[in-house]
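See the structures that follow.
In the two complexes that follow, subunit A is the common piece, with subunit B as its partner first and subunit C second.
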Partner chain A sequence: MRVRQLKDLLAGRLMIAFAIFSSLLVFLIAIALYWRSKPILEAKSLSDLLLGSTWLPFQGEFGFYPFILGTLYVTILAMIFAVPLSILSAIYLAEYAHENLREKVLPLIDLLAGIPPVVYGVFGVLAIVPLVEYIAPVIGKLGIPFLRAESYSTGFSLLAGGIVLAIMVFPIIISISHEVFRAVPSEIRDASLSLGATKWQTIKHAVIRTALPGIAAAIILGFSRAFGETMAVLMVVGNVPSVPKSVFDPAYPMPALIANNYGEMMSIPLYDSALLLAALILMLVILLFTLAARLVLIRIERSMAHG
Partner chain B sequence: MENLSLKNHISIQDLNAFYSGHHALRDITVEIPQKQITAIIGPSGCGKSTFLKCFNRLIDLTDGARASGKIIVGGIDVLDGSIDITDVRRRMGLLPQKPNPLPMSIYDNVTYGPRIHGIKDKKRLDGIVEKYLKIAGLWDEVKDRLKSPASKLSIGQQQRLCLARGLAVEPEIILCDEPTSALDPLSAQHIEQQLLKLKNDYTIVIVTHNIHQAMRLADYVVHLYLGELVEYGPASEVFKNPKEERTRAYINGTFLADLKTDAEINLKGNVCPYNFMYAKQALHDLSNGKLLKVVVDYPTAVTEVPRGMEADGHKVLSVKQINKTDWEIVIQK
Partner chain C sequence: MDKLREEKLFKSLMLASLAIVVGSLFLVIAVVVWNGAPSLSLSMITQTPKGGYYLGKEGGILNAIVGSLYLAFGSMLLAIMISLPVALSLQKDYIGKTKAAYYIRLSLDVLWGTPSIVYGAFGFIVMLYLGMRASLLGGIIVLTLLQLPIMIRAMEEVVKLVPEELKEASYTLGATKLETTLGVVVKQALPGIVTAALLAFGRGIGDAASILFTAGYTDSLPRSLFDPVASLPLAVFFQLGTPFPEVQQRAYASALILLIIVLALSITSRYLSKRFMKNIIR
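So, the complex of A and B:
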């Protein structure tokens, strides 16, 4: 009896300790990153670091601007492709598809989320990059801003990164927004339909409206996934540290910067500190977005539970 | 039928409804008269809601559900797959059991239907909002906050808003599925009064659990039992003089509590098994065949007291919830 109780007590304590440890880990990492990036923050002003465009570590120039823009552009591009497509897919699955189809497609989509990023990277290099190389001269001639091809595009570009990232965030946005649509009470649909609205009017004016906060959360989660994604993007985006002027230009997002350079040429002063600052910025942005999305989702769950 | 000049508005022929295998409505043929209130009564699960959902074909939304037969409204068969169902639905307002305001303002809720059907003129929409909120008896309470979210209204007000919203698309028929069961007594009374007024202009079909409500409102009564039509006729005849034994039993079942009982004990505040023992004692003092009314508020007692009494050889005539906490059990020795 005594031993059993002791075990019970120990197990409880141990689990609490692990739980606390894993949540502390986030703070530990943040503090460590801050501590290691302190030298560069002391040597340079934050605005110089964030808005400087020259990246010449040998000469002590650490301008993050091209990397920040590269990350933003590639993420935004990915969202431009992913959001409409995944929301429409989620609407189709939740509102139109027959149960049979839904039950077959959803697991497949979840499977998509489980494929390792490097596989997406290979797929990007083999399929997307040549495609972009092929279409760049055609679309580039049209002279649309951001879609110009000034010089020859190898295909390793913002666009390739955006497409590969879009494919990677599809599953997240689809499966969360599908859940959100399913959670919209059927009374809302009844109300709209019984007034003579068509199915599409009902979805457009009543269902989406009810689901809006949840869709926002799904998009934010997709965004933070895209923002931090490293491997797949690194393989297709070209990695040239300059501000891209067109989607056919190469870019150099921050995760790629860190992954490509950390551990090499560490003898350069402040180099290591600069890379860890990039990591800190990435982490904080993603943390913020994820937190915001979770809060929205929790609020939705509560309001659904309370009727 | 007492009034032969009465026109029928909805004509239901051989209606059958299925939920993936479960046969929820069987061969129902009945006529719903125009500009009258027709009450659909029957025990829980007998298919009342399903019946209404066939009228506006909201049953289509349930996966695996299917309805066959004919429901003819103004020469059109609602169940015919090729008709424009949105037009049919527009002609039938729906007042649900639980108010279902759309996630938008009071104003936008009322104008939702008209806007869907293409009315854009602001002045006209304003007029519609005022007109139908007045008909629903809500205008005075909300006229200063039309732009605030509908969810901020009380449940009773939300239900009147739903009524106004339904009327704003100018239907001919109003379908109500237990429209007052989620409301407090005062709000319920309010809705009943609106319905009585509305019957001058609309054909009303109301599903209700509450026989008293059916008696107060209905001109015609349809009694369903286990998916079958048991009895149909003018309310006065059905209530005073039901032709069918099952209707008599159903009406009596809900009325027994109002019958003169010979003794009454209040066991509120008592838990099991004490309430059971007190009830037994009280029965002991009565002679055979007499009726005892027991009032309990302990949740377990609602099932356990009747069970115990039946085990003792007495007859439980009715178990009825009389308010939020209290239940009334009528036992015959």
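So, the complex of A and C:
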């Protein structure tokens, strides 16, 4: 009898210890990255690092500006493609689609989520890069801001990165916002419909309005995923460390910077510290975004449970 | 009439979006199959790279296939050993309803969003600190960390679905929490646990950024936990990076192999979970 109780107690304690350990991992990662990026933070001012645009590690120049902008641009571009397509798809799946269709499409979207980044990279190199190379001179002539092609585009560009990333974040935005739409209480729909509103008016004025915070959370989570994605982007974005002026220009996002250079040339002073600072910045930005999005989603979940 | 026209317009926009999304899945698969299939050969999956392989000479990527399987299996097993207790402790029988569980879940969510390159950098710092070099073990550890949040979340979802009545029946019979957890909860949630493990396996076998610095790369088959090991995603990446068209062709074929493994895994896990579900008490 005593043995059983003792076992029970010990196992319970052990399980909880595991849980606490795994939740401390976030802090462990942040502390380790901070510890290793401290040398460069002490040697240079933060504003020089973030706003400087010269990247010459051999001469001790570490300006992250082009990389930060590269990351932001490629992510924003991806979101421009992904957000409308994903939200519209999610609305259709949640509100219009027949049970049959939904059960066939959702697994496909899960498949999309399971495809490895390098496979997306290969797809990008084979299909998207040539496409961009082909359309760049045509669209570039029109003289639209951000869509000019000043010089010849090889196709390895912001636009290629944006398109590939967009496909990669479809599943995240769709599956989360689909859940959010499904969580909207049916009373809200019924009330609107009984007042004589059409289905679309109901969705537009009642469902979307109720689901708005959740949609925002889904978008933020998609944004974070795109922001930190490394391999697929690295393979199609060109990796030229200058601020891109057009979507047909190459860019050099921060994850690609880390992947391409970390582990090599560690003998250059401060170089690895600078790269780990890049990792720390990535992590902190994503941490803030994820926290914000999750807090919203937890709220929704709770109101569902109570209401 | 106008509002109906608007509805029609939006409905067709939605259908078009859905078609683009689903179409992009098939497009990705089609492009990789189309370009990868022609250079896929038996020698590619049965041989390791011979001298001059990266210049277009004889050989295959068996080293990467075997390496990836080792990495993914090793990390999956480790991740299960950590994730299962964590998921079980998040039941309301243990700490599930406490404030601590709330923060644990939140921090797991943040981990879930952390990019794999950050895991890679972190893994490398730890390895430098411990004086380890890039190796199978290093790769397994980093991939385990990467899989943890995915696996715990997925397992917790299925553990939550176990009916309270079943647990109560077990308690009534005098079973302890541990006995109930192992005998009832784990047994009931097993299909979901398997699915969660396969999901994480798929993530582990496909990730490149996290093992770039931690697992290394080698042309030989893995011999010990402390030797560097090749992996499929990095095989794709390195072959694509060479200037030789023949080798780039092989990168496409390697990507196809990786895609086949991942798709097969996800279809199997879906099938398995459906099969198992029949034997479960609801």
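Just so it is clear, the second predicted complex is superposed on the first by the 304 of 307 C-alpha atoms of A that agree within 3 Å, B and C clash if a C-alpha of one lies under 4 Å from a C-alpha of the other, contacts with A are read in each partner's own complex, and residues count from 1 in each chain.
FYI, a residue touches a chain if its C-beta (ideal position, glycine included) is under 8 Å from a C-beta of that chain, and two chains touch if they have at least 3 such contacts.
Note that the structure is a prediction, hence the values are computed from the model and not measured.
Legend: residue contacts after superposition of the two complexes on their common chain; A:S192 is shown touching subunit B, with no touch to subunit C. In the superposition on chain A, contact is made by A:Q201 with both subunit B and subunit C. In the superposed pair of complexes, A:R209 makes contact with subunit B only, with no contact to subunit C.
Contacts of A:E99 after superposition on the shared chain: subunit B is touched, whereas subunit C is not. After overlaying the two complexes on the shared chain, residue contacts for A:Q5 are found with subunit C alone; subunit B is out of touch.
When the two structures are aligned on the shared chain, A:P130 is found in touch with neither subunit B nor subunit C.
Comparing subunit B with subunit C, more residues of subunit A are touched by C.
In the three-chain superposition model, subunit A touches both subunit B and subunit C at residues 198, 201. Those residues of subunit C lying in contact with subunit A across their complex are 3-4, 6-7, 10-11, 13-15, 17-18, 20-22, 24-25, 27-28, 31-32, 35, 82-83, 85-86, 88-90, 94-95, 100-101, 103-104, 106-122, 124-126, 145, 148, 152, 176-179, 199, 202-203, 205-209, 212-213, 233, 236-237, 240, 251-252, 255, 258-259, 262-263, 265-266, 270. Considering their complex, residues 4-5, 7-8, 11-12, 14-16, 18-20, 22-29, 32-33, 35-36, 84-86, 88-89, 91-93, 96, 105, 107-112, 114-123, 125-127, 167, 170, 174, 198-201, 221, 224-225, 227-231, 235, 255, 258-259, 262-263, 275-276, 279, 282-283, 286-287, 289-291, 294-295, 298 of subunit A touch subunit C. Subunit B meets subunit A in the complex at residues 56, 58, 61, 63, 86-87, 89-94, 96, 98, 100-104, 112-113, 116-117, 162, 165-166, 168-169. Those residues of subunit A that touch subunit B in the shared complex are 98-99, 185-198, 201, 205-206, 209-210.
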